[in-house]
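Two complexes follow with chain A in common, the first pairing it with chain B and the second with chain C.
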Partner chain A sequence: MPRLTVNGKQIEVPAGTNLIEAARHAGVEVPHYCYHPSLSIAGQCRLCMVDIEKAPRPTIACNTVAADGMVVLTETDRVRETRKSIMEFHLINHPLDCPVCDQAGECWLQIYYMQHGLYDPRMTDEKVHKPKAVPLGPHVILDAERCILCSRCVRFCDEITGTGELGIFERGDHSEIGLFPGTELDNKYSGNVVDICPVGALTDRDFRFQVRVWYLETAKSVCAGCARGCNIEVHVNRRRPHHAEGRRVARLKPRVNADVNQWWICDAGRYGFGFVDDNDRLLAPTRREGGTSSDATWDEAIGAVAAALRRLSPDEVGVIASPRMANEDLFALRRLLDICAVRRVGAQVPPRVPGDEDHILIRADKNPNSLGAELMGLGGDARPVLDAARARQLKCLWIFGHDLMASRWPEAEVLEALRAVETIVFTGTNANRTSERAHWVLPAAAWVERDGTYTNFEGRVQRFRQAVEPLGQALAEWEMLDRVLAALGEAPSATRAEHWFRRLATVVPAFAGLSYQALGDTGRLVAGSVAARAPR
Partner chain B sequence: MTGEMILTRNFARSDAHTLRAYLETGGYRAWAKAQAMEPTAILEEVKRSNLRGLGGAGFPTGTKWSFIPKSHAGPVYLVINADEGEPGTFKDRYLLERDPHALIEGMLIAARAIRSATAFVYVRGEYVEPWRRFSSAVQEAYAAQYLGHGFDIVVHRGAGAYICGEETGLISSLEGKKGWPKLKPPFPAIKGAFGAPTIVNNVETICHVPHIVNRGAAWFAALGTKTQGGTRMYSVSGRVARPGVYEAPVSITLRQLIYERAGGVTGNGRLKAVVPGGSSAAILTADEIDVTMDVDGLKNAGTMAGSAGVIVMDETVSIPEALMVVARFYAHESCGQCTPCRESTGWIYKITHRIVEGRGRKEDLDTILDVAKRGAGTTICAFYDGAVGPYISYIEKFRGEFEAMVLK
Partner chain C sequence: MSEGDGYPGLTDPATTVFSEAQLAEVRRLQSLYPDPRGALLPVLYMAQETFGWISLPLEEYVATLFGLSPAHVHEVVTFYTLYFREPPGRHVVSVCHNLSCHLAGAPGIIAHLRQRLGVDPGETSEDGRVTLLSVECLCACEAAPMMQVDDRYELNLTPTKVDRILEGLA
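Up next is the complex of A and B:
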């Protein structure tokens, strides 16, 4: 463990730490473009120069390993001048088209120019022109003039996905990022290059020109796209509702979690939030009688469900819970089922097509909380519930989220089951072919509209936080379950998801000792789980 | 001062490139002798000879060889730099064409000293005839069993980029990648070609090795100055009566080289300036040519020996135009990997071009000087410092000529 000083502050860092990371330990930020902690060292941008005592001239921090006794100075006059020069070099051929650039407001050329540049531009000759607005793949678009050739995107595709679509072609100031012939930037993680591009060269086709980034608000969350539970930030636009056709969720961005997803998320997760603002969202409780649906109040809907539970014998009730429900929802449901002694319950419905999986992040199980459901005793196969319905043993079937019509179960069998049950209750966010057949539809809040936790496949319990208000009258599942419990005579217990989590932590052994506070931003493992090492 | 010809001694023979001729003139005797020497003894001999790299950087060859880790178990590579891209330099092509076996014998000895079983010779893409001659010599050496018994030579042709002469750019290219110089550390002697310890040496450097082994380090050292032994081959071009390659002891002066060897200045006959070590060397004025042409002599004169490419300009040559040509070369050849070099070589070329076209502005000269000084020493490889050499020296030494143009 070498000991060194950075700007006079003594620190000790693990052997092999470079000076950018060492400075971070000392609370000092060394400006840089090409360095990225999870990519190989390229040393190309030359911005991270620091002074090392006795060295004849500033050295790049990214390629210098901290050594015992090193005296590092990041703010000498010489270093400041060098930084200023490097900023000038970066901008010689840059088009300076910030007003029409989607990166403006989160661009490291703008940020560092203001912090370290502030020179009077001297370049008056014609700049080098390069291609603009070149689609590289389904999600990413390139403006080669804005590119500072840091090679982060190239190294990402070489070193993280191993797909190698990108290269730097030509030489000198004609160098330019591009695709190798016959390829497209269509790997399953392509959106990450937009995040690591420090400038406006790579932007998101989906997001660009929708809303200026300074109007966005963010909430820490977890991706619900598969059992990995990648940590994300949800960026929402509430201040300019007339932008982006009124869609509130603007984009999802990865949030660093060394133990789960490092810096990355997959494209399926990143672009999979569209349902939140889609037109088929369920906005109010509805009742269907004969062939016609009509809006109902929550009191009517809750009353009807509670009445059915009270009236029917436990064996006449079936529940298909969902591994997409949060731990809090599942525990509230567990409580309700215990009170009513309902035993016909399952959560696993086979998907029509098996999920894809890889060795980076993506898990075949596309549910964010399968392990949570299992730990709550609700993770079983839902097939027996379907069969009970088909056998006309059920009078009431409550389905959470699933579109049974889109599952691997034969459609005829699903229809048979749905027709055989007197009262079908559907809880979910969006309409589907199952909700169309329900007698009661209870609209649920999407995960970005509420708080909760998921337990990922390794047993890591992670919080997701509310980013926007629920649409219409939608409620989190735990809230509607709470109301049903109250209607059945239980004392109301929760006004926040966290209350359910507290109860769950005292009852379910795996969760013992956990609390929202303990989970923090990056989650905690349930008792007894041995987490595999993080992905690369 | 003519001195003994060593590297070029057989150049007059039209069959000098054949094995038969090489053997007749004492070839492969040094290799026989070296085989009886311990690798460290060879290394020490080369160190004592004061042989310094003749590719450009002038680094002491024996010292470089000693950087190969002693305890290393895997392969070690010897790489011969025959890319000869430095403008004004054309000596290695003569060695490849006219005495290829000297290089092979030198490689055998060098490989023994650094315990390498495989060598690569990276030949400039445009050098078709040198490549043919050298490849035939390699075939002859295989047939005669000099090669193939614990030592192999792979000949690789470049594709025409100057940066592939920079030793780590060369290694990247050899590895099948874009010819981008690598970050140092690690240095090639620790982690070079294909990740293995590697020594990169210039053709001419290695051609000296058999002579050092044959005739001893003391003899070689005595040919030169205190800090550099031997002779070297000077490529003299530009406004001289007899342009060509001249072998001379490194203690020769630039004046002797121009007037006694190359036949003096042509054009209007009056010397204006000389670039002594390839285009990357700072320019010298007519008053500055009484310097010895060894590494340290030229360094003390504020320029460098570089590749010993001597470019002579008479008074009719326009220095701003010459700078524009040089600037165009560096803008064209910058590999584009690191920011200061990628962005400013093109910019500086545009400024020089504008000046030559008569659209220069007063502040242009100081802009070039300031940009070059700010960029110097901040880049991945020495290419940029090589470009800065002319940018700064042409303007500082001939400022009046530039000013006359920008103030017009």
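Up next is the complex of A and C:
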């Protein structure tokens, strides 16, 4: 373990640590563009220059390994002067079109220029012009003039996805990022190049020009797109609603979690939030009688569900829970089912198209909480519940989230089941062909509209936090279940999702010892999970 | 890279491929370098000699010989000036425009060639006979102004000498 000093501070770092990371140990940020901790070292941008005692000239920190006794200085006059000159080089051909650049406000050219820039440009020649606003693929758009040729995007496609779409073509000041002619940047992780591009060269076609980044608010969350549970930030636009025609969720960005998703998320997860602000959101409880639907109050809806549960024998009630529900919801449901002694319950409904999977992040199971449902004893196959309905054994069927009509189950069988049940209750965020056939529809808050936790496929319990208010009268599932429990005479127990989590942690052994505080920002493994046992 | 699906490339497969003997040469060249990728330049020259120029399908074909993505072969082809990205004329005339030749009258030589061939540097005469290029120093300053015609040097040029040389090009 080499011991060195950075700006006078003694530190010890693991052997092989480069000077950018070593400086971080000392709380010092070395400005840089091309270095990225998960990509190979390119040494391309030259901005990370530092002084090393006894070295004749400044050295790039990213490609220098910390050595015992090294004395590193990051803020000498010489280093500051060097940075300034390098910034000047980077900007020689830069178009300086920040006012129309979507990256403005989170651009590392702007940030470093404010800190280290040279304020009087000395270039009098015409700048080299390059292609602007070139769509590279479904999600990413390129402005070659703004590119500083750091090659992060190229290395991402070479080293992370292995798809190799991008290259740096031509030479000298005509060099530009591009695709092999005739191809597209359409790999399953393409959006990540926008995140790692330090400047406005690569921007996001979906987010572009929706809203300026300084109007965004963020909440730490977890992707609900598959069983991986990638850590994300939800960026919402509350302050300039008119800028995006009422779209509240502006974008999802990956949040680093070394044990789950490193720096990345897949495109399906990144762009999969459209349903949150979609027109088909369910906004109020509704009742359908004889083919016509009408709005109802929550009290009426809860009363009707509670009455059915009270009136019917447990065998006449079936529940299709969902592995998309949070642990808190599932535990509240578990409690309700225990009280009512309902045993006809399952959560897994086969998707019509089997999910894709790869060796990077994407999991075939597109549910964020299958393991949580399993640990709560609710994770079973829902087929027996459907069959009970078809056999006219059920009088009430409560479906959470699933569109059974879009599952792999034959449509005719689903229809048969739905027709055979007196009272269908549907709880979900958006209308679908199943909700259309329900007698009671209870609108649920989307995951970004509430707090909760999911348990990923490895057994990592991770929190997601509320980013926006629920649309209309939507409630989190645990909230409506709480109300049903109260209507059945249970003492009200929860005003926050966290209360349900506390109860869950005392009852379900796998969750013993966990709390929201213990989960922190990056989650904790349940007891006995495969990942907890595997050597790290 | 996931097995099975190749790197993104053109939909038309390359129709231009090497002979067995050339493939053996590719393997020999690759074995000369610690990283076989080092042989990319000589293999691209082989390709250019065989097919006259480096088309996109040819880049893609060469990429498969190295297990590289076509984008990375395209990087190399676009970086260097000696690979033709369009079919050149039957002869390539490269006039030096660097300092010594410039002082010794290269601008006049280039102007003369433009007028005789009816093309600008970088273009090919309409009859497909000559591609005219103006290039950096070719290392024959002692005989400036000079140009390279295919693989031979023509030195101490004058407009009359240029005319004679052009007449000799079929």
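Annotations for the structure displayed:
Simple rule for what comes next: the second predicted complex is superposed on the first by the 530 of 536 C-alpha atoms of A that agree within 3 Å, B and C clash if a C-alpha of one lies under 4 Å from a C-alpha of the other, contacts with A are read in each partner's own complex, and residues count from 1 in each chain.
Convention: a residue touches a chain if its C-beta (ideal position, glycine included) is under 8 Å from a C-beta of that chain, and two chains touch if they have at least 3 such contacts.
Here the structure is a predicted model, which means the values were calculated and not measured.
Contacts of A:120 after superposition on the shared chain: neither chain B nor chain C is touched. Of the two partner chains placed by superposition, A:245 touches none, neither chain B nor chain C. When the shared chain is aligned, chain B and chain C each come close enough to touch A:170.
Among chain B and chain C, the chain that touches a larger number of residues in chain A is B. In the superposed model, A:77 makes contact with neither chain B nor chain C. Once the two complexes are laid over each other on the shared chain, residue contacts for A:128 go to chain B alone; chain C is not touched. By the document's definition of touching, neither partner reaches A:289: not chain B, not chain C.
Of the two partner chains, chain B is the only one touched by A:92; chain C is not.
Common to the chain B and chain C interfaces on chain A are residues 167-168, 170-171. For chain A in complex with chain C, the touching residues are 158, 162-171, 178-184, 186, 358-359. Taken in their complex, chain A has these residues touching chain B: 41-47, 49, 57-58, 63, 81-82, 85-86, 88-90, 92-93, 122-123, 125-126, 128, 148-149, 167-168, 170-175.
Residues 161, 178, 183, 185, 331-340, 342-347, 350-351, 354, 363, 367, 371, 374-375, 377-380 of chain B are the ones that touch chain A when the two sit in their complex. Note for the complex: chain C touches chain A at residues 1-2, 7-11, 56, 59-60, 68-72, 74-75, 78-79.
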